């Protein structure tokens, strides 16, 4: 859960990167950063905070000069020993300067790091991105291209990596293509690579194609990008990107996210029909699936939970009378719609179950006769190790409780999940998917 | 367009007011303030900014002590000579201290002010609320009650006023009841009065009833609120509150806002049928009406324009390539849903037409075969003078162009409005409404 | 303790006012504000905070347009019911708009306010400046000049008032001239009036003369300022301005503040000789007097207490080991200079004695053999009611303890004050002074 | 020009480090940081900004837990490719985690870095401190002690280094002892090492002794610090620390800074007598030397230039009339003292001459009959390469102009410098000093 962007041969490249990162803010709100290059040296600004806060001052873009830039949004992760971890990571090494951003997760991070440390390397962060730089720097190969390829042989996992030198840019996607990565082009020339196509729409770039699983793209001045198929592709795009992580208007590996969500809702309706009066989404995560459910079941869709758009990060400590304040600050039910109704409430997935219980209570308090909680994805029983920050087994409610027990716990009248088969059917049976959170088959060894 | 709240006989009253103002943030984002009373004196904190920013420090609530509080959110208005206008307005006068908040607009503000100034009064702001305080202070009556009533005789317009003395609170709604105002009660005792019922839901108060048009409520310690029907009621609730201003989960004068919007959309479908493939809302303003339109017409509803929730106030100056950036920062179309479709796009109302043109262009760029723009309210041809900040005649597109001309200007294939008759039908023919923006009948003389 | 400034007929008058207020920041750090006029209307920006923080944004000066401006720095005072009291105070009244700033204290504030309130006036602050505006607004006289003069007849106290209308500026100093007020002129035309001449030096104006006690200056467009001697002058400039309040480089009523302080130190040496090795100032308040003491006594001056210039407003809670941290954050002794020495330490005045005790302890801890604490002003036994915010009788150490008791309390080996006679001698016997804090003779009745 | 601190075996060590860094803020205002250890892992917070701004939130100290901490203030240096360079630098390496701070300058930084890079090392900053970590990490020695010693053999320059592992702290000062470094002890146990003794005074630690040139101190839990004389000492403390860089109350290698400055002023008077009426210091840098000059010459000292303590970093753009505003914002002359006088003005040193010219003009404008500019140090003709950020040859006025030419340029009636011989005499002839800025003898090869 992160976003990467690379911009090549575009005037004010760092501004383009800034807007692209803004469009992908949903993929990571903890920290952000941009490294630009003017062909002579690299310039970096990175910090904790939202894109619009970190880059709030026009003068930063005078510093981030040049027609090449890479950028990163970082999702919060626990356990860092620095308050300030952020990407890109820059380094000076034998061939000059490079800067690296990475979205994904390297499963052999610890072994690689241990080996590098034994050879005398030092690490200044907990980010696996730092491994990649070290491997490149330690390679004995002559060119950066060869060094990157040698480094790739040493890492395992799900990754989308963008590497910038003073004059070139290298883009790599792992052979499974777990995380999305697309190539776009500007009408006036110049390229952009980004985690999601919604970034292209904002900055005015045209979608060219997805970066292939196992492919490396090399951008050099005055040339078309060179494509090298480094590894045999074995595509397994992450189902979770479709289920909840990507923005609905993004197109991942040929499928629009919104449409797959509607299909999951339709499939959910076929698998789990119920006698009810209205279908409600949990806003905004369940909207597309709820529309699908309503369409397939014929039960009317109502947007009867209002989301407050002014929710900030911190609030003054409430007084005792204000129970359940936390969920109510964000969500408010429209009572007259809900009262005395049999309600189907749809969300995209169930992780810890905390908010779900509050929502069921909120609907019952609003007078719902029955509350049927339906999830447009299967039970999450395993942590994802490929770049989605799902919690550990202890916290995953479906890893610990049966559906019946969960139903009791959240106080719903019924609870149902989309089947794994149904999920795959909704996504399209034409290919395989990364489904580790559901089936526990960790296919990257 | 403002929000008022009054809290009486509740522990930490200022915190309750703070949360109520937060729930009503949509009614005014320019400035906010709270005055509390501990029975001995009044305490005020007010400033420009959002509720959560102005009241970001727990220590403010130590200062705002007492079990009584009133508060205000102020909508931005042009032409002030101070950068810092905010309410409540406090004043020391013959009977002690009072603090006043006001939502609405006094149409005889200038005459009253002129008369007061001739008598030697000074004004420190442009806010009409200051008139009210002067009238109370200048009255020769003995009690605050009588003084308020005398002051009310001198003002004309749409108003919801809350006045706080050290020990009492007075609440008044004009005889037409143009702006909404409701009374709520806490389970453990104590009262709240607020512009919208959504405030009650957040702070855990129960809706009791609306304040009647022409009614004054007086709250005294240890007593039930006293009701005085100061003026004969002639109810004309503002249609605009239902059309777009109030929060959808609020109940105004007995009708849930969301439901009236769905009905407007249904009526719009009956009046203006069209041959189309999908119905889209302008998010979030058009959602309820679009659901109604889809329901009535049978054309499928698609939530195919994504709204970006991270939009901040300011952005770095974009580079030239990023045309139409402003609307794209907020809204993104889902191309695969829109492409080659005949699209009905629904918004709540049409004011200047600027955004509408951008949205039509956005849909056409996304491949829409036809774009039919439909508004769930009639043509706005007159400025509201009763508390909604509609622009002047010059800026109101329907005051200057025919429907056909507007259609051309925004680039739509067709354009239609809900009829005035249809609006009233949707709201309920059981009573009259304030419809001045549509029919220009300024009924308050 | 406040500062006022008025700028007339100068391009970008608000910027000139800003720099003048910056030069007079020492007279008040709580709040600041400026009102400008472009001849058509008044523009105000005021807020809590330092001059450089409140006016940190160039765009404010686009708002504060015009060639006339007045400004104010406010000293913190307890007991306000608003967190945001600041001047100028603007008002719309019969003749148009005025804006007022005031430095001083009106001793009949409460009576005047009571009378005005009885007549129906309202007060929105606790500041006595609001009285002045009301009196002007209520006058039945035709011109603003006459109204101001009528208003002046109703107020008593020490005051320097600047009143700005859309086209004119009025400057008044009370007949005792307790607070300083000077007139300056710009080489290219245009005038400035300010509490201290140090403001002229910063903005590049030339000192013309002091505003006379009892004088009113009227500035009109295209004319030289008109002078009206409204009251018979009876000059009694405040001794405290010379003792510690004004900036050393300011010239008040013909005497440079620094020089009077040196003289006080010399007189202190004549009155209170001591056998000692070195003379130290409490930085920076005691420097000039310590130089005088050293010069007269022949005991070497050493700048042996270092002041930390980075002291901010708040600090992290220290751990227990860091005793006496508060004074050490600000002041550090140079031990090798102090060790085994008989030390004379000089400060300008003794108010509560809190810091003095800490300084004596600090010097003893640094190894001083003897510490002789000497004050370059007499015992402060009475609160000033004429505009200096001295504490009440309970807090004034010399109002409650004998010199001997104070000496014990602060731990010094000896303690002595400048005599009242000696103070007057140092200031010059050519005129009378306001000495109320020392002799309790409240001469304004 | 930087400050380092190490705290060992003290409760809330990070808070002690914070206050120590605050006391040494004058040594570096660009960035600051602290790394603490609780024996299990290291915790770091570092950022651009002043100590009190970066550590403004009590919660940071909950994060920076443990009884050991090191910290750093960084002086601004040009040419960094990151906006955010700050120390400590943390690294994970073979033996665990270390964190390093460094004050000084490694003259063979580039060769070492080149060699390390050839071996595959990567560098993430331009700071020479990163070299040290790499050398330690790459050493094949078993213990951290041995690795540090091996690393020291590879570096050349002036350095004070503090290295923290999870359980130990290592302190090293180069064999010349160019930069100051002292050892202190807390009454209740625990140690502190800091660049200047003024830090001890603030946090309540007692001075024990200076760290010897060439000495390494090793702090281990439950033991007294072990001392290893790694290199034969050849002491050459930096004359500049005494001349202007250190705080006057600090004691460096046995001499109080303030006292050496007074002696320089006295020697200056002996070498360069002049017929004058008053001696003025440039505040605050020239105060001690001016006192010495006055004492020796018998010419009266006057503190006749007032320093404004409210000077912030940025100011609103002034209007044209405000010439010479920049220096006047900071310094104001007391005209009545200066007028018609022959003035000696003393500063500690002359670097570019820009401010000096403005001060001479200011004094002439104030009416000085003659202005004799005297510097309490010799002509700076060479850049310091040992940790003081003196400008390059092009900018050093004495490297480019004769004394006579400089006198003309700054507009003084005479100009004189302390002789090199006189400087050494003032500092004490008992040892050698680092005088490279004056004599260009770069003794570290």
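Letters are used for the chains, namely A, B, C and D, taken in the order the chains are written, and counting of residues starts over at 1 for each.
Note that in this section contacts are C-beta pairs under 8 Å (C-beta built on N, C-alpha and C of every residue); 3 or more make two chains touch, one makes a residue touch a chain.
Quick caveat, the model's predicted, so the values are computed rather than measured.
Here B-C and C-D were compared by C-beta pairs in contact; the pair with more is C-D.
With respect to chain D, maximal separation of chain centres occurs for B (centres as means of Cα atoms). Measuring from the averaged C-alpha position of chain A to that of chain C gives a distance of 60 Å. Measuring from the averaged C-alpha position of chain C to that of chain D gives a distance of 37 Å. Rounded to a whole number, the gap between the C-alpha centres of chain B and chain C is 47 angstrom. Listing the residues of chain D that touch chain A in their complex gives 41-47, 60, 63, 81-84, 89-94, 97, 113, 117-124, 133-134, 137-139.
Across the complex, chain A is touched by residues 10-12, 15-16, 18-19, 22-23, 25-26, 50-53, 55-56, 58, 61, 186-188, 198, 201-204, 247-249, 251, 256, 258-259, 284, 287-288, 291, 295, 300-304, 306, 308-310, 312, 314-319, 321-323, 325, 328-329, 332-337 of chain B.
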